[in-house]
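Each in structure tokens, the structures are laid out below.
Consider the two complexes below, in which subunit A is the common component and subunit B and subunit C are the respective partners.
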Partner chain A sequence: MNRILAIFFCCCLLAHGVAGANETASIVVIVNPASGIEKLSRDEVIDIFLGRYRKLPTGRVAMPIDISNPNDERALFYKLLVSKSPAEISSYWARLVFSGKTSPPFQVPDARTAVELVESNPNAIAYVDRAALTHGVKVVLEIKR
Partner chain B sequence: MNRNKFDENARLTRAMTMVFLLALGVSARAQTQDLETDRFSVRGFGTLAATTHDADGIEFRRSIDQPHGVRDGAVDLAADSLAGLQFNLALVTHFDAVVQGVTRMNSDGSWDPRITQGFVRYSPDEVLVFRAGRFGYDIYLLAESRQVGYSYLPVRPSLEFYGMVTNDQIDGADAALTLRAGPGLARVRVFGGDGVSEIAFKDGTNSETRGRALGASFDYLYRGWTARVALLRFTFDPDPQLAPLLGALRSTGSPQAAAIADSLGHEEYKSLGIQLGIAYEDGALQAQLMYGGGTANSIAVPEFRKVYALVGYRVHQWTPFLSYASSHDSNPIRGTGLPDIPQLAPLEAAVRDIQRSSRSTQHTVSAGVRFDLSEHVDFKFQVDRASLGDTSLVFDNRVPPGGPASMTVIAASIDFVF
Partner chain C sequence: MPRSVVARTSLSILLLAVVMGMVFSAIASWRVRAAEQDRLIARVHELLATVENTVSIACFLNDATLAKEIAGGLMKNRIVAGVTVMAGTTILYGNTAGTFGPGRGGELDNVSKPIYSPFSPGEQVGRITLQVSHAEIEAQATANARYTVWVLTLQMSVVAAAVALLVYLLVTRPVKAISDELHKLEIRSGMRLTVPSGRRKDEIGQLVVDVNALMTRLTDALDTERDLRRAQEISERRLQLVVDKADTGILVLDELGAVQSCNPAFMRILGPAAQPGARLGALLAPHGPAVDAVIADSYSSGKPRDIDLELAANDTRGAIWVELSVNSLGDTLMQALVNDITERKGAESAAQELASRDTLTGLLNRRGFDAALAKLLAPSRRQVRAALLLVDLDRFKQVNDTYGHEAGDRVLREVACVFERSVRRTDTVGRLGGDEFAIVLGGIDCPEKAQEIARTIIDGISQPIDIGAGLKSHIGGSIGIAFAGNPPESPAGLMHRADRAMYAAKQAGRGRVCVAAWPAALNSPAGDATEHDDESDAA
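What follows is the complex of A and B.
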């Protein structure tokens, strides 16, 4: 039993080291300027997008938005945020969705639609490449490595 | 492989192929209909698995509710295969409903679909969640269902840890509260309701026992860590068919036989279980460590200690994994103490059979790999080396039955979700 515990925790420590691998890309998390949110921590964004806790610091309930194309922002966002591949994120949501616990983020086809939804909804929160920003949204976190 | 088994596998293969093709079609449609179908959604999952093993005279089962298992040397498509559909409907504000049906090998041998989840959910703010209806409770560390193979690494959940559990859904209500606590999140959940426990026996019979479950779980989540403490109290009525046996035991005048009768004759059987778990999931690594223990007020109900450990590490689309699981019965099998004479032998045999029907002393070391074919489909290959002690998780067809045995189980599966 002690040996199992030792192996378990060694693997966890090893993973932390590996998770720090280099990456120079970045992506920004955006909200509506009227949301009252100035910034969000990385942990808060993880909790919102992984369905753990969606209450915003303002008291509103966040409506996270996912971009359904796995080859673009979505893959990069989850890789930077939690070092997970699109298949792993899909596997993660399979646990929760088929437990009836919570719903995955609202799906939109592209970054432009995500920005438009955030511009028109004070509870919406999305991620996009910085190049897709408009004056109608506010950046609350930049994720980069 | 006999003819019936061959027909069953052929029917299953055709059914699973149709579900798989349907899944691909629905998945493609879903890509273009997300915005329109958000209020009502249909999702599904399934596993098509081929399983074999090498132990003479042993039938390998996934859980004790399976009426027949994998015979040595045969390739079986039934033991680890299943399919499910789930309907989600957003009702009025803050209310939604979920109905889930699953087809798999039932304890009566049929593959009739059953409702595994069907509840109304109310959540005013995602912090407080109430559910009423049929749902799973917190027996699995990261999910409430063991049926969705795509959601976990191994081909099947650990036999040692979960194989004895057949009442993992209840008809009742639960409430969950999630709050920020320090750097992480604390989640408390209480639940209660009725659940049916099913056991299939080697002689082709099966039993269904309805009981009452009451439990609570406390989770703490911090970044990649999830820690849990869970308690479950399960009570159920004894089988009324035991009455003649109890009368016979008491009529012998033996104090030891009378004590056995008292233990079997409780008005209500009570089982109390505790589960401790910790999981780490960050980046490419997945790891779980769990402990479970249970006590009971009757020798008819198992008392056990269980341990489960799993480590997996993703390399591109491949995730090799290793696991170890052990289950040990805490209480020895008790005899009647009656004289060894032919007239009393049936009493002794009946008492021992009751206790043996829920034994689970065995351990397994597993190695395998998961390959993610896409965001919705994976392929898995797994080898288990099981050391069997006094266990009813498998059917022992040896002559005479009993005694330790080792078994190598090999399985390959395709899981999908849509």
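What follows is the complex of A and C.
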């Protein structure tokens, strides 16, 4: 019974998330509170996630985290951030594979893992739905539609 | 230019093709070159557009490796002489003629394009510049243009050759064949041109058919004309024979009367002077003006005109009469016929003489005298100065009765001689019958003159006349005179007045002259209209 309830809850959550993404979508960029960063500009986020500067403003190396699960957080993130589809982003990275100068963000299966990784790593920087926020992370940029 | 139509048409077509080929080639070459240059420049822009996204990423990431990769790809195009990729102020990749290795030479043109961030379209992250080789563009454009010209020339040559061949086969060769055949054709042989096979319906066939029809008409016309000419020759020969053998002088005149031709009879009649070229009027002198008038009249009226002419004797012939008939032949030619009518004229005048003369006295008889009087008093004459004398012999009947008719005849002949002695040659004397005579005196100015002549006559006939056997007769005469009025009255009227005057003279006693009164309607030229007897000279 509990299990059924949990699944139901999850479903509701998901539905909410999807609905939120479509209507009042809101993706937040999160870092470890220990990173010492209060805010990041949109351009700084673009530079970090698309490999231009892999450094946080504090000089610490940044470790961007992509969510690769079927959830549409990734698609929403890149769409809101640089108006690109996941396929375009994939194509982008594909062109850079051979040059070796930079690499795509670290891939995690879901938002939860991403949050956990940020909670545990001061270099990590990730994006999640606002609904997936925990107290162990710090929001440095909210991207709205 | 060659004379052969085949060579000429072929050469013309080829020449035209060459000229047109050159013109079109020049135009094509110019257009193709310009288009090719535009196309190559556009291609450079297309190349830039192709690599733009990747360049954008390279600039965004300052990725020299990626930039080099892109440049390497671009440099594979021959028109690209060099590539420079700038990320901000940093040169990510540079390969130009001057700085990075050998360029592709010649004058260079930079085609530059700003590069924007792949993620924020407003942010310029770099610039890519392509160095384009002018020489290469020129070379490629020229090569393309040359190829076009070559193809065009080839096409034009093939078309021209085909056209020349077709024209030769369809037009010039058949025409030349027809021309050669015509050249050898004899018009009289009845030969016809052959229609080239398969060309019966088109213009060539039509031409042959028309030429054949023309030749048929021509030969027919020639035959007809030959027949006509032969018939005309026969007819002319026959006519010439008639003209030559005719007794009538036949001649052709122009409208001015000059003799164009004449037959032997004409020369026989007029003598050797009648040669062609002379004027007929001159040949028939002194009737020139009359002849000319007749010719002009016939010419203007178009009708035949006749005239009888008496020609005086000359060196070659005696005096003759000719009848001249003039006819218009149409155009400006006239035909004249000249007949010798001397014999007929002689017979005619002899007969007339016979009819109008008194056989006894040789004077005019009644008929002849009347004719002469009528002629004198013709209504056409406006003024006549003449006197008519009627003479009646006195005592002639006794002579006749006493001595016989022969004596009477001698008296009459003697009296006639007296009359002829007493008047002028131009005056007319006639014996009206028996012992009655009439005399017309012409040109009488005053009555006294006529009376004087009358008295002379009476004196003459009052002389004794020898009547043979030693006998002499004594007769006398009474004369009545009437003067012709102005305008003249009728002969009968004049005669009547003279008769009455003569009767009056006889009544008044023999040997008298009596002048007739003027009719009331007429004015006397002498101003005296009263009748009076002149008895002063009575015998």
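The rule is simple: the second predicted complex is superposed on the first by the 119 of 145 C-alpha atoms of A that agree within 3 Å, B and C clash if a C-alpha of one lies under 4 Å from a C-alpha of the other, contacts with A are read in each partner's own complex, and residues count from 1 in each chain.
Definition applied: contacts are C-beta pairs under 8 Å (C-beta built on N, C-alpha and C of every residue); 3 or more make two chains touch, one makes a residue touch a chain.
Since this is a predicted model, take the numbers as computed values, not measurements.
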*So, does A:R54 touch the first partner subunit B, the second partner subunit C, both, or neither?*
first
*With the two complexes superposed on chain A, say which partner A:E119 touches: subunit B (first), subunit C (second), both, or neither.*
neither
*Scan A:V108 for contacts with subunit B and subunit C and give back first, second, both or neither.*
first
*Thinking of the overlay built on chain A, is A:P86 touched by subunit B (first), by subunit C (second), by both, or by neither?*
first
*First (subunit B), second (subunit C), both or neither touched by A:L96*: both
*asked:* Looking only at contacts as defined up top, I'd like to know whether subunit B or subunit C touches more of subunit A.
replied: B
*Where does A:D129 make contact in the superposed view: on subunit B (first), on subunit C (second), on both, or on neither?*
neither
*Answer with first, second, both or neither: which of subunit B and subunit C does A:D72 touch in the superposed model?*
neither
*subunit A residues touched by both subunit B and subunit C?*
43, 46, 52, 82-84, 92, 95-96, 98-102
_subunit A residues touching subunit C - in the complex, by the definition given at the top_ = 43, 46, 50-52, 81-84, 92, 95-96, 98-102
*What part of subunit C is in contact with subunit A in the complex they form?*
54, 57, 60-63, 65-66, 69, 118-120
*Spell out the residues on subunit B that touch subunit A in their complex, using ranges where they run on.*
31, 34-35, 38, 43, 45, 84, 86, 88, 98, 100, 117, 119, 121, 125-127, 129, 131, 135-136, 142-145, 147-148, 150-152, 178, 180, 183, 185, 221, 223-224, 280, 282-285, 287, 289, 307, 309, 311, 313-314, 317, 324, 372, 374-376, 378, 417
_Touching residues (chain side subunit A, partner subunit B) in the complex_ = 1, 4-5, 7-8, 11-12, 14-16, 18-19, 43, 46-47, 52-55, 61, 68, 70, 82-88, 90-92, 94-103, 106-108
